[in-house]
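Okay, so chain A shows up in both of these, paired with chain B first and chain C after.
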Partner chain A sequence: MSTQNIIPEVAHKPKPNPWVIVGRGVLQSFLVLLGIVVLYPLLWMALSGFKSNTEIFNSPFALPQNWSFSSYVDAWNNGVSQFVVSSLIVTAMSIVATVLISAWTAFGLTRTKIPGKPLLVGFVLGGMMLSPTVALVPLVRMMQSFGIYDTHWALILLYTAFRIPFTTFLIRAYMLDLPYDLDEAARMDGATEGQIFRKIILPLCQPIIVSCVILHVLFAWNEYLFAMIFTSSADTQTLPVGLTSLMSKHGTDFGQVFAAMTISALPIVIIFFLTQRYFIRGLTDGMGK
Partner chain B sequence: MAEIKLRNIRKNYGTVEVLHGVDLDIESGEFVVFVGPSGCGKSTLLRTIAGLEEISSGEFHLDGKLMNYVKPANRGISMVFQSYALYPHMSVFDNMAFGLKIAGVSKDQIQKRIEKAAASLHLTPFLQRHPKALSGGQRQRVAIGRAIVRNPKVFLFDEPLSNLDAALRVATRIEIAKLKQSMPDTTMIYVTHDQVEAMTLADRIVVLKDGKIEQVGTPIELYREPASLFVAQFIGSPAMNLIPARLTKAGNETEVCTKDGNTIRIPVSSGGELIDSSVMLGVRPEDVWLAEAGSGFLKGCISLIEQLGEVQLVYLEGTFFDQPLIAKLPGTTELEVGMEIELSVKPELLHVFDQNEARLKRADFTQHSEPAVYA
Partner chain C sequence: MAWLNVHETSGASYAGSTPYSRYKHLAAMMLEWRWVLPAFIIVGWFVYYPIIENFRVSTTMQDIFTGEVENVGLENYTRLFSDKVVWSALRNNLLYAIISIVFQVFGAFIVAAIIEDLSSRKMRNFWRAVYFVPSAISTTVTGLLFYFIYQPDIGLLEEVMKILGLGAYAKAWLGDEDTAIYAIIGMSQWQGFGYSALLFTIAIQKIPKELYDAARMDGAGALRQLWSITLPMTREMTGMMIIVTITGAFQVFNEIMVMTGGGPNNSSQVLGTWLYEMGFTQNDMGYAAAIGSLIFVVTTMCGLAQLWYTKRKRVNT
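Coming up: the complex of A and B.
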């Protein structure tokens, strides 16, 4: 049998089909176009941050005449630095809370014996359908009575609470695919449920957790409704709300507004480009192979 | 020391009972194989011993201690999973060290034990690799290593060879036999649906059927004296031939008559109530040989020959058996498809099964003696 397999296969390439080449060319130019459509506005925004008001109005599509960072510096000093810090705090803390709670929930929903599990799954995932807008008024009362209205804690709590169902949904789908033999082997090795979670399941969920972190960053960094209603002072406001207040104060200085917007978008763009490969893999992995 | 006693073990999932009362004693240091068709409850029984499944009712004692409510890790039992269940994100070393670290074994001890196990399993060069970068056979050995380092009293295997290709399967089977020899005090329980694995490895075989023990015995006992039709057909390859017949004379010698009127007297005892009832005559493919025309017991026409070199499997179609009868004849005998042949049998090598599929036993007490050698 093995001797037959050794007979070399004649490598013969099929003649290139002209239509295949044309098709590939069309597809590639389409993708390049799509890239331009997505990237150009970002670039335009960043470039406009270097221009003066007159330039922006008279020659909106030209390159800036002199590359002055003054608008960026002004924006940074006029509050953007504070908004960035607030956004970082709220995003980072709500990520940690959301991912840990969701992963632990998903672990319970997929890997333990609990009575009425389907009901519990429905209950947790049903949270995805809860509309934040409808819940606003009671939430305001709640935050006030907790005494955390107009603090970072209000946003951290809300972002965590409202993102847990979706994050749990993603992690649960991933965990369902991890073989249960692993848990059993660990149990034979003497591991407790907590140890199985921390040392076996959580490390194996790394791809989906990276995806969840990115999705959460996208959400928390851009969230506007809660941020607007639950924070009012400049040192608690996050970027989206802060930018609007900046616009109402310096709304005529468009260079500065563009600069502020560029600064706020930059972290997201960088994170996404650095992690995009991971991001897609995590989301598709959970769907089974 | 590791003596296992199972007493009326039952297991149900919801309302479905999967194990219907299993009683079994396993001696310290024995190699016992659970064998049976897929779905008969082998894995379930093994997992109740491991502690991965709760015992619904009944008692499991290990060295005289009740184990029903003892956690898996505290039973002194290790298990090798069918899928190996190696932790994919850990190196081979960490896979083996995981249980020891949790048990609080000192670093030096862990290092020592793993090095010893790795050396005996030829895994030393791979200790820092991840399971992904290992071949199937190597993964298998890591799984065994992970079980060994915990110094278990009882070693459980659930179909450990089923993920390997044929050549590796034989090699690993021999490795496991050697492993057992090197651990004479460790009790091993091995689950398989493959009767060859069972025959070659076991001190004793436990045949399971539909959640019940059908028979327990040494491989040769099961082969020579199967308690039932089921065991007779399960042990041995090709399976035992069955010929429908009628019991015509009962007593210490039983006479049966096949469909075409051939009678034969067999040295097994039967009660008078069996007279005229239909029975099954069992004859192993290797227990027949070519006879001269007119003197054979089984007559038929060859429909197929599988030549294996040393022996040939001859399929015989005849008037009085429903399925083709398989005969294992010397490979050198010149035979052709379409030939009419006759086969002789030795009455003491024939088995008779009553309508309840139980095997009729011999009257005398010589049933443990070697069967007569025939020319």
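Coming up: the complex of A and C.
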């Protein structure tokens, strides 16, 4: 299928078949068309943030007549800035907790003589199978009884708990591939397990940890179910829930809603393009090799 | 997936001779538990325990006015099976799964095959990244975006249909009981196919190029190569994606809440949103927990299928 392989075999090079060329053309136009279907709505969203309500109604396809940032400014001042701060706090704190605990656990599950290891592996990784929706009813009571309902702590705690299984799974798979001679050599030199973890294994795991961080950012920045149930006041809501409350308050000011949506989507799109390589590694490791 | 292959390194060295040293070893072994203790506590407390607790709550009923909790046994479950909305929600979840398998597994596979057929590496990376963009964005944003796109007055869809001469068929897609769920599922395909296409391109890249060279020598055309090489060689990924897609379809929540809230007239309700409606709007926690149990059964079956599938794969390779 890949064309570059044909090139060296001049002897076998088939005569250019017109149907193949036509076929290629059709397929490539299909890719372009699909690209437009994917990107145009997003472009429309970002551009509508610069338009007035009348423009949005009357000329949906046109570029904004004058590029006014006022909707973006309004959205920012009407709560989006608070939501961004909440999202940043929850994302950052839960990243640190999740990755630290997961790396620590993964080390224990791969490189120590822990008793009952197979059971422990099953327990921790089995958590991946459990759906947050099922836990919802009891979790509300738990969070209320801890007194952290409607605080950032509730989300940090839950994001950490529900992402430890997957993150441990990724880091553990990576650690299993690191040579065990390293540990032996260090142990010979009198290193403790803690030192082997901190000074040898953890630094070697840097690439997978970067992948885990990026996947966690994607998760925490976009998570809706927990955020919606466990936060209710404006200063604790993260972006995905904040957007819906902005929508119910200023829903008729379309420019502002579009601007708020764009502000919420932009950081994650930028992060994706900057860190694609790590992103893809995390995804493919997660899906099986 | 490196699921359960555990490197067993514990062993003979601990077979102590005296009782004293045996205790010492036992203590040392217990100390090893420090490695899993944090994860054990957090995951056990916030992931496992609520699920057990959910089953207990599902056998109770709380009086909204007096707050009294009463044990009702399996009453919530019998109610579950006679609740029409539960059945239509289940049907919507199933619809979600089937349509997503068509577009996000097989459709994405074809898109991936077309991308990988491009000669320029730059273009291959470009398209794969472009199609992935909606998957990186939160479903709240894409849901709201399509809420506007589907609107009759300002909506992009109606404008596009007018241009194509289909203006007469335009309607309030989300406001119609017959189309609401399809409109939502459509948005979800738009958002999700790039994610699976990306995974498929990676699976396709791993196929040895010699296979294609040999097929070409035998005069196999592009379609024949797709059918006889690419499809069978990515079968594992396909099987995996089908299971993951079904699991995802039974956990759908965000897009429904944002786009219709389950309406009109509960026509776009899925299990997750019905649980929310019952538990958090109607305050009927016992019944909501019973719906949760139903979701648990379905997703756990999918999870076990996935486990079985990856284990089988390990044995085969």
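One rule holds in what follows: the second predicted complex is superposed on the first by the 241 of 289 C-alpha atoms of A that agree within 3 Å, B and C clash if a C-alpha of one lies under 4 Å from a C-alpha of the other, contacts with A are read in each partner's own complex, and residues count from 1 in each chain.
The rule we apply is simple: a contact is a pair of C-beta atoms (placed from the backbone, for glycine too) under 8 Å apart; a residue touches a chain by one contact, two chains touch by 3 or more.
Please read these numbers as outputs of a predicted model, since none were measured by experiment.
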Touched partner set for A:179, first chain B, second chain C, both or neither: first
Contacts of A:145 with chain B and chain C, given as first, second, both or neither: neither
Touching partner for A:187 - first (chain B), second (chain C), both, neither: first
Most chain A residues touched (candidates chain B, chain C): C
Touching partner for A:195 - first (chain B), second (chain C), both, neither: first
Partner chain in contact with A:204 - chain B first, chain C second, else both or neither: first
Partner chain(s) touched by A:56 [first = chain B, second = chain C, both, neither]: second
Doubly contacted chain A residues - partners chain C and chain B: none
Residue ranges of chain A touching chain B (in the complex, touch as defined): 179, 181-182, 184-191, 195, 199-200, 203-204
Chain B residues within the chain A interface of the complex: 50-52, 71-74, 77-79, 81-83, 85-89, 98-99, 102-103, 146, 150
Contact footprint of chain A on chain C as seen in their complex: 1-11, 14, 29-30, 32-36, 38-40, 42-51, 53-54, 57, 111, 113-119, 127, 129-134, 136-141, 144-146, 148-149, 153-154, 156, 159, 190, 194-195, 198-199, 202, 209, 212-213, 216-217, 222, 225-226, 229-230, 236-237, 240-241, 244, 247, 250-251, 253-254, 257-258, 271-272, 275-276, 279-280, 285, 288-289, 292-293, 295-296, 299-300, 303-304, 306-307, 310, 313
Chain A residues within the chain C interface of the complex: 1-6, 9, 12, 20, 23-24, 27-28, 30-31, 34-35, 37-39, 41-42, 44-45, 56-57, 60-61, 101-102, 104-105, 107-115, 117-118, 120-125, 127-140, 142, 157-158, 160-162, 164-165, 168, 172-173, 176, 180, 218, 221-222, 224-225, 228-229, 239-241, 243-244, 247, 254, 257-258, 261, 264-265, 268-269, 271-273, 276, 280, 283-284, 287-289
